[in-house]
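In the two complexes that follow, subunit A is the common piece, with subunit B as its partner first and subunit C second.
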Partner chain A sequence: MSALALQIGYLARRSVIRTFRQPASVFFPFVFPFALLAVNAGGLDAATDLPGFPTDSFLAFALAVPFLQGALFATMNGGTDLARDIQTGFLNRLGLTPVRGVALVAGQLAGVVTMGFLQAVVYLSVGLAVGVDLESGLAGGIVLILLATTIAASFGAIGAFMALRTGSGEAIQGLFPLLFVLLFISSMNMPRNLIEIDWFRTAASINPVSYLIEAIRSLIITGWDGQALALGFGIALALGVCALAASGFALRTRLTRT
Partner chain B sequence: MRDLHGIQVEGLVREFKNGPRAVDGIELEVAPGEIYGFLGPNGAGKSTTVLMLTTLLPPTAGTARVAGFDVVREGPKVRSAIGAALQEVALDPLLTGREHLRLQSALHNLPRPERRRRSETLLERVGLTEAADRKVNGYSGGMKRRLDLALALVHEPRILFLDEPTTGLDPQSRNALWEEIGRLAKGEGVTVFLTTQYLEEADLLADRVGIIDHGHIVAEGTPASLKAEIGRSTVEALPAEAEDRQRIASIFERFGELQPGSPRGVAVRLATGDDGLANIVRALDAEDVRVVNLKLHAPSLDDVFLEKTGRSLEGAGGDAEPEPVAEPVSS
Partner chain C sequence: MKLGSLLSVASGVAWRTLHNVFTTPSLLFPSLMFPLFFFTAFAGGLSRIDQVPGFDFPPGYTAFQFVFALLQSAAFGGIFTGFGIARDFEQGFARRLLLAAPRRSGIVLGYAFAALARWIVTAVILTTVALLAGMNVGGSGIELFGLYGLALIVNVAGTLWATGVAMRFRTMQAGPVMQFPTFMLLFFAPVYVPLELLEGWIHAVASVNPATSLLETGRSFMAGDPTDVAAAFAIAIGLALGFAVWALRGLRSAERAA
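For the complex of A and B:
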């Protein structure tokens, strides 16, 4: 195995250990999205009576949202952990070893990816347990988990970039409401074509979060929708690549070792 | 041949954006196996110098070679030759001591059996074997410092940078750390670059001392030579009978220049070395003069600092050093 892969592996192990030693980082991403899902599914069930609503189960429609909420938690937790490394000087300690910059960021994301994967498995399992039918079948479930994990990794990269740029855990915490607003002005509670308010529909249409939700949702309520999946994977990967590239630049500025 | 190299610094400068020159053209040389004490108040430029020498901060000007490698052009080679425990204890509170050592040794590319052996050896050496599987957030300040030192030693560096390693430690932990630093230098031939604001620490540990103030090195030499440079010891006597003050002053005049002392005492700066004290005792005894207290005040490094800067080192701390502003490396 190459030295880089080994370095990523060592740092990934640390990232996973650290994530699971913070109960708040594990508890809230699993519990909070279900609480919001329960409220929304209970309160907005009548929306399924609207002509053109794509399913008669609002629970199935809304089940896509926890996957995105979980990814938001991943952004915050991954970013906060990296910011703490900067604040404590641990990043400098790592910088004094032969470790490569790309390994520092990639290893750091391992905890986020692991959490993203576990969250996706739990969200999907709970959804199936409460009666949601997965229209895309078992293979769709696997793709759904893969997509959700990819989204978590991309959002985690955004958190890493913010951490490297600001060096402040508080700044990362401050980012969370902003990302939450992005979630709310998406198609999270209503298909875009049924949103009547023009500005909201426009905002939801230019909001990349809408397409991520719709890709996950398509696997649950539609079956195999190539366009939705291409958009979902494409946007997730594009966000991830951009965030990783930005993180690379930010790391070069943050860790000015010669 | 590389092992024959210590640290050579020429005209090293670090300027921060919108700030002062934290380090302003310093020159210094540290021989292999030497403990070099870098002494100065807060904000003098000590930590900035360490960051540059450990390749974590590019210099604005000047050159520095560490272990024979240029800190700007050969950063990775410098890093493989050095260990560093920086000012803030850089640990992950959620990992255990043993996990820290395993991670650090793995990132230094030590083979797996060597990692285990080295981790256990270092844990034992710094007295953390029993606490090795506890998370670091439960460690005391002294334990964290000791682990920090162990991490700096994991790849058996030839040069060790310690930036104020005993700040905030209790006397027992401080003594243990001093012992370990001395053992590393004298027993294993590790070159130690030690920054401190504690006079006692520099005096006790360092073979040579550089005193830095406002980014300039204002004095350099062995502690003994620096102290000898600024003057000789002073002896002060407190007579048992107040009327004996004049007689003591007459005796003291034979041994040097009288100095202002405490209101009831008589003080003299010795013209000869510290053996003058014994002669004074004999002379007082011969003339049957009784004293209740007789003390020898040897010049300290604080006196050296006072002489060179016009201020006392103790309490001379100015503003903290400007936080290094991250800038891209130009190499």
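For the complex of A and C:
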């Protein structure tokens, strides 16, 4: 096994174990999205009576949201863990070893990706268990989990960039409201064509989170929608690539070797 | 003399808390931004809900959601103050305060005064934003006084609940214990549509949820057609009195641990 793969393996193992050793890192990503889903699905079921609403089940419509919320929690947790490594000096000590920067970021993201994958499986399983029909079938379920994991990895890379850039867990926590705003100012609760307020519809159309939600939602309530999926995967990958590139630059500054 | 020392402790604690909050943006902004953000997301993104058959709220959906955002800001204004109390315990300040205060119940009173002052600022900003967004107000001055009075009691209840939690756990990690039940109580009420339009389990839960009465009476004040006022105030005052006992017993628990 190459040295790089070995480095990634060790750091990934550490990241995954650390994630699952923190009850708050596991409990809230699994419980909070379901609480909000229950509230929204119950409270907004009447919205399906609106002309043009794409489904008669608000639960199916809203099931896409937990996947994004889960990714959001993954961003916060992954970023906070890395920031803690910086604050406690672990990263500096790591800088004294021959570990490569790419191994550090990739290893760090392993915990986020693992959580993202498990969250996606749980969200989908619960959705199916409470009666949501997956219009895209079994293959759609697999694509959905793949897309959700990709989104979690991309968001995790944003968290890693923020951690490397600021080196502060508090700054990462400060990112949470911004990400929450991005989630709420989107097509999360209403299809964009049914949003009545102009500025909100425009904001939701500019917001990339809308397209991530719509890609997941398309697999649940529409079936196979190539355009929605291309936009969803495209945006997730683009965000991930940009965040990884930015993380690389930030890491170079953070790990300046003398 | 007893009253004098009580008020002296209360005013000292309140001044310090307010000084901390209003000079630290990271403490101030979340409590200001969250209600604004919920109001914007719900009133903007879901405005078409008022076209759902059976929806009848003459002032419109913006006013409908404003009442929820106002009560939510009141409750969470108290919760944010609870975070400050937990932080005071973590940093050791609260222990020194317990040693120094001649009347320790003044500590609880001081935190409650601070939470109230903090919420009043939030309420003024929220109301200004809502009016700028074109909110229609159907209620008279007296009815609006009733609405804000109800929210004020909710703020006191929220503060006393969070104070009791903070004084028992004495750590910031108790934050979710303060937030989560409050969030669930508020969101299992008719947030998006009136109670009559809720169906299934959410209708059953909302029907027995005390927050429903607060919300519906608050909305009736806003519409200029007050209903079930006595019941709503009895619930709000009952919650505040119950949580006052909870907070004072929490103080005793903190004293034993100090």
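General remarks:
Rule of thumb we're sticking to: the second predicted complex is superposed on the first by the 257 of 258 C-alpha atoms of A that agree within 3 Å, B and C clash if a C-alpha of one lies under 4 Å from a C-alpha of the other, contacts with A are read in each partner's own complex, and residues count from 1 in each chain.
Basically, a contact is a pair of C-beta atoms (placed from the backbone, for glycine too) under 8 Å apart; a residue touches a chain by one contact, two chains touch by 3 or more.
Predicted, not measured: the structure shown is a model, and the values here were computed from it.
Upon superposition of the two complexes on subunit A, no clash is found between subunit B and subunit C, which fit side by side. Once chain A of one complex is fitted onto chain A of the other, the partner contacts of A:Trp199 are limited to subunit C, with no touch recorded for subunit B. After overlaying the two complexes on the shared chain, residue contacts for A:Ala35 are found with subunit C alone; subunit B is out of touch. Touch criterion met: A:Met190 reaches subunit C, while subunit B stays clear of it.
In the superposition on chain A, A:Arg14 makes contact with subunit B only, while subunit C stays out of contact range. Of the two partner chains placed around the shared chain by superposition, neither subunit B nor subunit C is touched by A:Met115. Remark: in the superposition on chain A the angle formed at subunit A by the CA centres of subunit B and subunit C amounts to 90 degrees, rounded in steps of 10.
For the pair subunit B and subunit C, the model built by superposing on chain A gives 16 Å as the shortest CA-CA distance.
Taken together, the two structures place no residue of subunit A in contact with subunit B in one case and with subunit C in the other.
Listed in rising order, the residues of subunit B touching subunit A in the complex are 54-58, 71-73, 75-76, 78-80, 82-84, 86, 88-95, 99, 103-104, 106-109, 135, 151, 324, 326-329, 331. Of all residues in subunit A, only 24, 28, 35-36, 38-40, 42-47, 49-50, 170, 174, 177, 180-181, 184-185, 188-190, 194-197, 199-200, 204 touch subunit C in the complex they form. Subunit C meets subunit A in the complex at residues 26, 29-30, 33-34, 37-38, 40-41, 44-49, 51-55, 173, 176, 180, 183-184, 187-188, 190-193, 197-203, 205. Subunit A makes touch with subunit B in their complex at residues 3, 6-7, 10-11, 13-14, 17-18, 21-22, 85, 88-90, 92-99, 252-258.
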